[in-house]
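Next come two complexes built around chain A: one with chain B, the other with chain C.
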Partner chain A sequence: MRIYRRPNHFLQNVQVVAVGSSYLVQSAAYKMQASRARLFKEYKEVQREKSADPDIQLVCDDSNIFKWTALIKGPSETPYEAGVFQLAFSVPEQYPLQPPQVRFLTKIFHPNVHFKTGEICLDILKNAWSPAWTLQSVCRAIIALMAHPEPDSPLNCDSGNLLRSGDIRGFQSMARMYTNLAAMPKKG
Partner chain B sequence: MSKRVLCKFYSHGACLKGENCEFSHDWKDPANNVCTFYQKGVCSYGSRCRYEHVKVSRSQPCATSSSAVTLQYSGSFPATNSSRNAASGGTPVADTNRELLASSRSFFPANNPAWNEISVLPQSLDDIYTRESGTANPAELVMCSFAAAGNCPRGEKCPHIHGDLCPTCGKHCLHPSRLEEREEHAKMCQKRKNHLEALKRSQEIECCVCLERVLSKPTAAERKFGLLSECDHPFCVSCIRNWRSSSPISGMDVNSALRACPICRKLSYFVIPSVIWYATKEEKQEIVDSYKIKLRSIDCKHFDFGEGSCPFGTSCFYKHAYRDGRLEEVDLRHLGAEDGVTVIAKDIRLSDFLNSLRLSTYVLYIKYYGLITPAIAASALHTSSVGDYLFTAQLQYQVAYLVGYVMERIMCLGRKTNFIKYAAAECDFFIRFK
Partner chain C sequence: MDSHGQGDNDGSSGSSNTCPICIGPFHIDSYLDKCFHKFCRNCILRWSEVVAGRHSKPPSSVKCPLCKTENTSIIHGTSFQKHYFNQDVGSSAFFSDAHKYRLQCYYIEPGTLTDTFSVSLYWKSNKYVQKNRFLFNWLRRELQALFQKEDVDIIAHHLHGSIDSLGSSKTKAPGDSPGTKQEEFKALVSQAAEPFLRGRTSRFVEELELFLASGLTIEAYDKVYIQHLGWKYDELTPDDDDVIPESTPVVPSLSLFNDDDFE
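Right after this comes the complex of A and B.
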């Protein structure tokens, strides 16, 4: 903003406006900065400990730090074993005060994952979110959810009903089939 | 000897003159805060000057200014002077006059005739040294300032005494025979050392929200820890406050999510800002207490000297005082409910009840029967709702009656008529509001 050398009271008003607007810009920029700084920290952490958790491979989008993808391995002794599932993270600007939006890009037959959209029903991604969670720990929570499905709050009713009716075998064969169909890494 | 003005060297930690200092070594005495430039007529800082801009009259000695002290010297010298000059012999006038000149030069213009008479200055520095080394009392010996600062170039040959080594700060600044000063210095030194150590320990600690080191944040305001009252997880004060004040996502419970520690989910009711991180429970308690004491001295902006009302009531950390300095006194109204639970009554508004009650079906009853019966009102207590039902004018009174009855039941108070009156007034407001 330009400040003209005019009568004194006018000058003061202009200055007040300038100060006010720059403050607003600053606070908005600050929030943006905070989420960016935190994501950058997480990025460095991921780079440093790449080999720490072989089940999770977290990659940041080249041009946008608010978009991440992750490849997670299906936990052993579950129908998802040997499958590799792709997750898409969309991080809000208010991160870490607000949870990232996560969905499965790979088809998965799981009571708490929407079969079509890949949306995940997990309390820590909704009302139990806390800023102490990181993208890495969210991935770990999703792996835990795959190992321990919660059929009482299903997003995939078919799979939930199978589990609730006690047809463990039916559920497992369905889940294994979809894992084989969609989540098997291409050989060669 | 006048001891009314606090010695600035003493206030910074060590005065080499000890008990022979012209200035007071008592913390209760006021410091000299008079701007010397203002005395001369011009202070370029103007109103921003951190020293006091008062005119010190030369004819009437003022209690708080050191110019008054120097004036006293010039008047009744050397009767008021210290015993040191008497003991040292030689030319005591020259010695003190030099000091006087040094301290008074800033107060008075150099062309002041009163000071022109004194022109007896010591020949050389060695002159002073040789004179002072003959002093009888060891407590009055002057300490070497070079040694106190770390290293004296004269070494063994120095005419001043070299102080003992202070174990905490590692400087030769303990006078061998001034016991009070030694203790004072040791205390200050220990305190400073503890603070520094705590600061060093805190350097490495990271905030769990922004994942950065708290004390390495870019701005000074951010370089503070926010301690939670109930658990020991470290955060920046800005991060934890942002999180606690962020708007809850739908379905999020404020107490179990936002007000809880992000890591252990333990509910804490307040955040304490602190520059250092604590190592023990006692240290934390000390930080919390000093924070509370500080807030106690600040007037609550909600209370506004009795003109406003503070939502925190008696639990508020800030001061609730009226304009005349009187503190607020509160009698809490305890209401005993039927089931033996005691609640503290604050401002009770009818809308609180209307939100929790569901009345709409009973409003319909009233419409059909034209009159409210106690049976309807009693059942209204259990399941009923004020929906989007359009209130008509003739219904208003009956709803008011119903609500009055309901409130009477809730409050277990026998004054039916009053409540109905209040209820009618509030209902009127409520309906217009809708």
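Right after this comes the complex of A and C.
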């Protein structure tokens, strides 16, 4: 009886381990391939629909498909209007299961953007990330954030405090000043 | 910040013929069970793993990447097979350690517990006349363990009903010998269970008899069973410790009774 019972008990465990490890190996390979394949699809999509969204210009690094930059136009009727802001994307190998890291390269005065590092506080870039987002749609979300700042979760406290204290005019003039200083496309 | 951008997803994923996660053609169509959004099977499974990895214990539901609806399973294949999200981790909501132990019982030789619970006494002393109020829950767990599926209620009701009908018909024929009653019971339950359990039917009937003969609650029965086999279940035993004080008194009296009168 014992001989009969033990091997079964044992076999079941072995099976679980074996299944588990092949799964891990598989998923590591999957991540790398899947992220490249998907970024390539996004690249083709961007090339195809370059004119579809004139406010966003997404460019992939020549040598590294995991590095992208984007130029976005400041939304109209905001202090960022007429400015062009550069974003840097760093895409993780687990993309799209993990969100890309995005930061402003252009200085911007906005409650949800760190003034020095350009780090962006946006839920979809953190815990509200969904793999259905694309780099293009992330850009759109950032444009929406520029138009609708969230002063209650500030990364730039000065900017957040101006808005929270109701000093809309003060906020707008500061933001416009920095847009003029840093985000104006150079002519010629 | 929650509000913006959700509608953007549709436009960016291009046509509806591509999986929103890999933006490629669908590989094994898989639908979420609430919102019916479609993904590749692998894509949505990997995503559910990522979501599960964020929690200390596996969540029973995953938000749809497209519409944020909470979904508990993926439906795929021509047979509309259901895959529950927390099954990957091996500890599905319904499949507890108790289920594992029950399933493992079917891999040991039968008859190891016949000394502990006397089945013959059960039939001789007409105990079957009394309804066992733990029977349905025991049946359900046993079937869940054997099928490794959660929804076994229909089969459990079916078997419970046939066992019940036997109990009531028995009372009308008190002249039968214990042996024939037992045979009748076995035949009836086997017939009811065979279409579902196939090769495991006869063993299932034996286990069922053992449980009925024990006259114990499910917790107490498990305790005796596990103790008898000398297995160690770290997860099972601490919970059961609270239950033993009330239930153990039944066990000694039962085994005493067996030894004196019938062995």
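Going forward, the second predicted complex is superposed on the first by the 161 of 188 C-alpha atoms of A that agree within 3 Å, B and C clash if a C-alpha of one lies under 4 Å from a C-alpha of the other, contacts with A are read in each partner's own complex, and residues count from 1 in each chain.
Following the convention adopted for this analysis, a residue touches a chain if its C-beta (ideal position, glycine included) is under 8 Å from a C-beta of that chain, and two chains touch if they have at least 3 such contacts.
Given the structure is predicted, the values throughout are model-derived calculations rather than measurements.
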| item | value |
| --- | --- |
| Which of chain B and chain C A:118 touches, first, second, both or neither | neither |
| Contacts of A:96 with chain B and chain C, given as first, second, both or neither | both |
| Partner chain(s) touched by A:41 [first = chain B, second = chain C, both, neither] | both |
| Comparison of chain B and chain C by chain A residues contacted | C |
| Partner chain(s) touched by A:153 [first = chain B, second = chain C, both, neither] | second |
| Partner chain(s) touched by A:126 [first = chain B, second = chain C, both, neither] | first |
| First, second, both or neither for A:140, with chain B first and chain C second | second |
| Chain B and chain C footprints on chain A, overlapping residues | 34, 37-38, 41-42, 45, 94, 96-98, 127-128, 130-132, 134 |
| Sites on chain A touched by chain C in the complex | 1, 4-5, 8-9, 12, 16, 27, 30, 34, 37-38, 41-42, 45, 94, 96-98, 112, 122-124, 127-128, 130-134, 136-137, 140-141, 144-145, 148, 150, 153 |
| Chain A contact footprint on chain B (complex, rising order) | 208-212, 239, 242-243, 246, 249-253, 257, 260, 262-263, 265 |
| Residues of chain C touching chain A in the complex | 1-2, 4-5, 8-9, 11-14, 20-24, 42-43, 46-47, 49-50, 54, 63, 65-66, 68, 90, 104, 107-109, 112 |
| Complex interface listing, chain A residues touching chain B | 34, 37-38, 41-42, 45, 94, 96-99, 126-132, 134 |
